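Each of the next two complexes has subunit A plus one other chain: subunit B in the first, subunit C in the second.
Moving on to the complex of A and B:
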């Protein structure tokens, strides 16, 4: 049972990486964001993420979040998938981290909901527990703003990723003056992650096909450690061979990349739209 | 006939390991079709990497186009670029050769690295993909391709430079019979265009069809013999000694029996 847990964890992790990195099913749909030049899209989304980061107003954040939902619909990304993908990890964890800040122990302010009233205040370590323990309006507002800021930023990032093939995102990074050698290294990493995921999957299947009965957790850990060693060895050999293949086709330490992006009217509309959103956000402040 | 490669007494040893090739003498002429035959581990792949200037002999000398192929010569960027534009190697494992995320990037890599103008690169990539009938794969990632498609992309990535010399490591391994036939036709087309083709293989169908010169590498990592393809392929005892054919059970009509058996021709 315990070893099942280890193997299942490995199996599911492999699938999760594969789905999050290699799922191009929405990137190939004919939607609004998919039709944009990746360079314009990348810069626009980064501007919107920055705008979200600087927004300290719940109304602005709600406006931006609703916009991400609108972009998702216009880009044929199912809302259920999109909302789940955004909320399932980062904002929920942010909410857990920010949870203590809603109490007047951390954020003093006007009480919204009184929880307990003690005979006197107490000091516990660096914290002073006031006579009346309450959730404060300022605390809730601060927490809400932080969670919404995280959720909206993640929403923009997810929109960029699910509507653009990874390689196009990487190539678009050239517009941000990211050195070509960095882009090439990232592109190659992206290409070989898949190969290693397949290797891990084959190892798991080979283990399952030969396993009779249960193995204990210690054996399972030992097996994973040995497979990690095998993978390191394989990746080392592969990297040497890949380097030779690169040299064979004229690699020098000065890579040249080429992209085939074309700018259209829709891209200029996107620029105007981004500028308009920024202007509206300033008005809402 | 003008020689492309001349190897004199070439020995190669991997660092901290046993000898991979010993005392190899070889002359490959322009336009020649050469098959390096040998069992697994006989040193065929190492020999191709030496010919491609990726490894350098531990002993002996390799001359390519009349110039000694040494580490210091390959450090000269101009010489290295000229050499790699003339000599292309197709690796055995396409996953090694296809290191970029899309087919288009892969085919564009070599001409870009060797300084071809970007517009010409686009035309070259288009032409290569058309020629090999893989244009529809241009935006695909290598991991979405079948083994046969990967092999065609690997060939296209070398074809983009249209090198004078083609080195191919086990070009038909792990491929279905139809793709194997396609690869053999491709080799014949190259030799027909006057290209020098050196194929390292244990698939005896290739030298049978291309009918060039054969070098047989033995288990001792030495050249056992050299000769015309038909003469070598007729020498059963030589092929058995080189582990290229063996005695095994098989059918003849409804009779199962065992003897040394050929699968080519």
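Moving on to the complex of A and C:
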């Protein structure tokens, strides 16, 4: 049904609102990652994501993934929440995408399991179906590596965001030489995303509560275009109001971030730990 | 089209960051040059708008839905450089805070959706509409065709980024290390979905929003461009 788009968009909007509200729900707990200086944590996590990207064998990726579970426990992030947050959507979706690649149609190699033997090979569009259709060792290994790499990368990113207040993540980006005006734009964007999500949610609920029967595709497109048009108008009016609010609070055209970060012994331990993890991964290669 | 981390090699991600960097530099320079107290909230709020566009599921024939990206729409409303900054900011927040698209792959995602899409889309729009009056059908038709071409150009870039992975990165026994689909599989798969579905949604949403604004808030269309170019 064309009207399903309202439910789907509402679902996504609600999920995004929930994520934006609860993104930092564990940031104030007294855990290992929470105690780190956000700048050290940001750089360390980026190094570990990069290391995950370079890791090309399952053993290293499993080691890194188990490490993320360890960090979650040490940071008082409940494992059930953490595993669910990581695996639902991206890695499961990746597993579905990569599934056809386990067959020798996509990844030729040593057969693990022969499925069908045809009289000859066939060509279907861009695919060549070989005489013997099989699941290959290379295909399965490639798929496992991809899914584990995706899950491990997402795990590190989730750890960063659930253990750090969002404004501190953005402020920490100054250490990566990101211009202050860009950080300011990002910080404001994050705030207004939350506001717009609420607005969109209200629009969708209003439509859903007033709708009787199905909507055809043309009507649905017209409704979406008109709501986005209204949002453009709201955006413009809101930006004028925010501008006046900024001026009234003494805005200068050279924004400066106030940093209140302090470096402690734990941060240097984190540096050593990250270096140690990198060294272990090199020995596992 | 949001590429998560793990599909592209870090080397490819590095190249894509390097390819995007000059555009970000130019966009930031232009932003700094015209930076007024009004530009910052305008860009921030339109970045948030860009994020919200990507949340809308538009129905397509066959009972499924597709997302628009809105890069060409923002380029037509605010100009292509503002679209680079706006869509990049939205993609960055999606990657860091919402887990849509990878952190290493952010350079590739930004190149496809925040650079190629708005510039190609705006270029096609400008070829068709030129300096046509906002009342002229060329205005919204040009933007719609631009949006269609823009999103397909972005999809082609993403398909090429995926497709070169098995050629460049595999083990000695042929195990693919990143995306396992080669160019001959990635390009048809990505292009078919975008030529038939996502491109149509992008065009309909872009044209539809401009027609709505022209009818309901005509002054806004010229005011927005004046704000950015002030």
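Descriptive notes on the structure:
We take it that the second predicted complex is superposed on the first by the 225 of 285 C-alpha atoms of A that agree within 3 Å, B and C clash if a C-alpha of one lies under 4 Å from a C-alpha of the other, contacts with A are read in each partner's own complex, and residues count from 1 in each chain.
The rule we apply is simple: a residue touches a chain if its C-beta (ideal position, glycine included) is under 8 Å from a C-beta of that chain, and two chains touch if they have at least 3 such contacts.
Computed from a prediction, not measured in an experiment: that's the story for all the values here.
After overlaying the two complexes on the shared chain, residue contacts for A:198 are found with subunit B alone; subunit C is out of touch.
Of the two partner chains placed by superposition, A:135 touches none, neither subunit B nor subunit C. In the superposed model, A:43 lies in contact with neither subunit B nor subunit C.
Note on subunit A: of its two partners subunit C and subunit B, the one contacting more of its residues is C.
Of the two partner chains, neither subunit B nor subunit C is touched by A:69. Applying the stated contact rule after C-alpha superposition, one finds that A:248 touches subunit B and leaves subunit C untouched. Looking at the shared chain after the overlay, A:166 reaches both subunit B and subunit C.
Of the two partner chains, both subunit B and subunit C are touched by A:190.
In the superposed model, A:271 makes contact with neither subunit B nor subunit C.
By the touch criterion defined above, A:238 reaches both subunit B and subunit C. Subunit A residues 166, 188, 190-192, 195, 238, 242, 246-247, 251, 255 lie at the interface with subunit B in one structure and with subunit C in the other. Within the complex, the subunit A residues that touch subunit C are 1-5, 8-9, 12-13, 16, 19-20, 23, 46, 49-50, 52-54, 56, 89-90, 94, 98, 101, 106-110, 125-127, 137-139, 141-143, 145-146, 149-150, 152-154, 157-158, 160-161, 166, 169, 179, 181-182, 184-186, 188-193, 195-197, 200, 217, 220-222, 224-229, 231-233, 235-236, 238-240, 242-243, 246-247, 251, 253, 255. Against subunit B, the residues of subunit A that register as touching in their complex are 22, 166-167, 170, 187-188, 190-192, 194-195, 198, 238, 241-242, 244-252, 255-258, 260.
Listed in rising order, the residues of subunit C touching subunit A in the complex are 4-7, 9-10, 13, 28, 31-32, 35-38, 40-49, 51-53, 55-61, 63, 65, 70, 77, 85, 89-90, 92-93, 95-99, 102-104, 169, 171, 173-181, 184-185, 188, 204-205, 207-209, 211-213, 216-217, 220, 223-224. Residues 49, 52, 54, 77, 80-81, 84-85, 88-89, 91, 93, 95-102, 104-105, 108-110, 112-115, 118, 121-122, 141-143, 157-158, 161 of subunit B touch subunit A in their complex.
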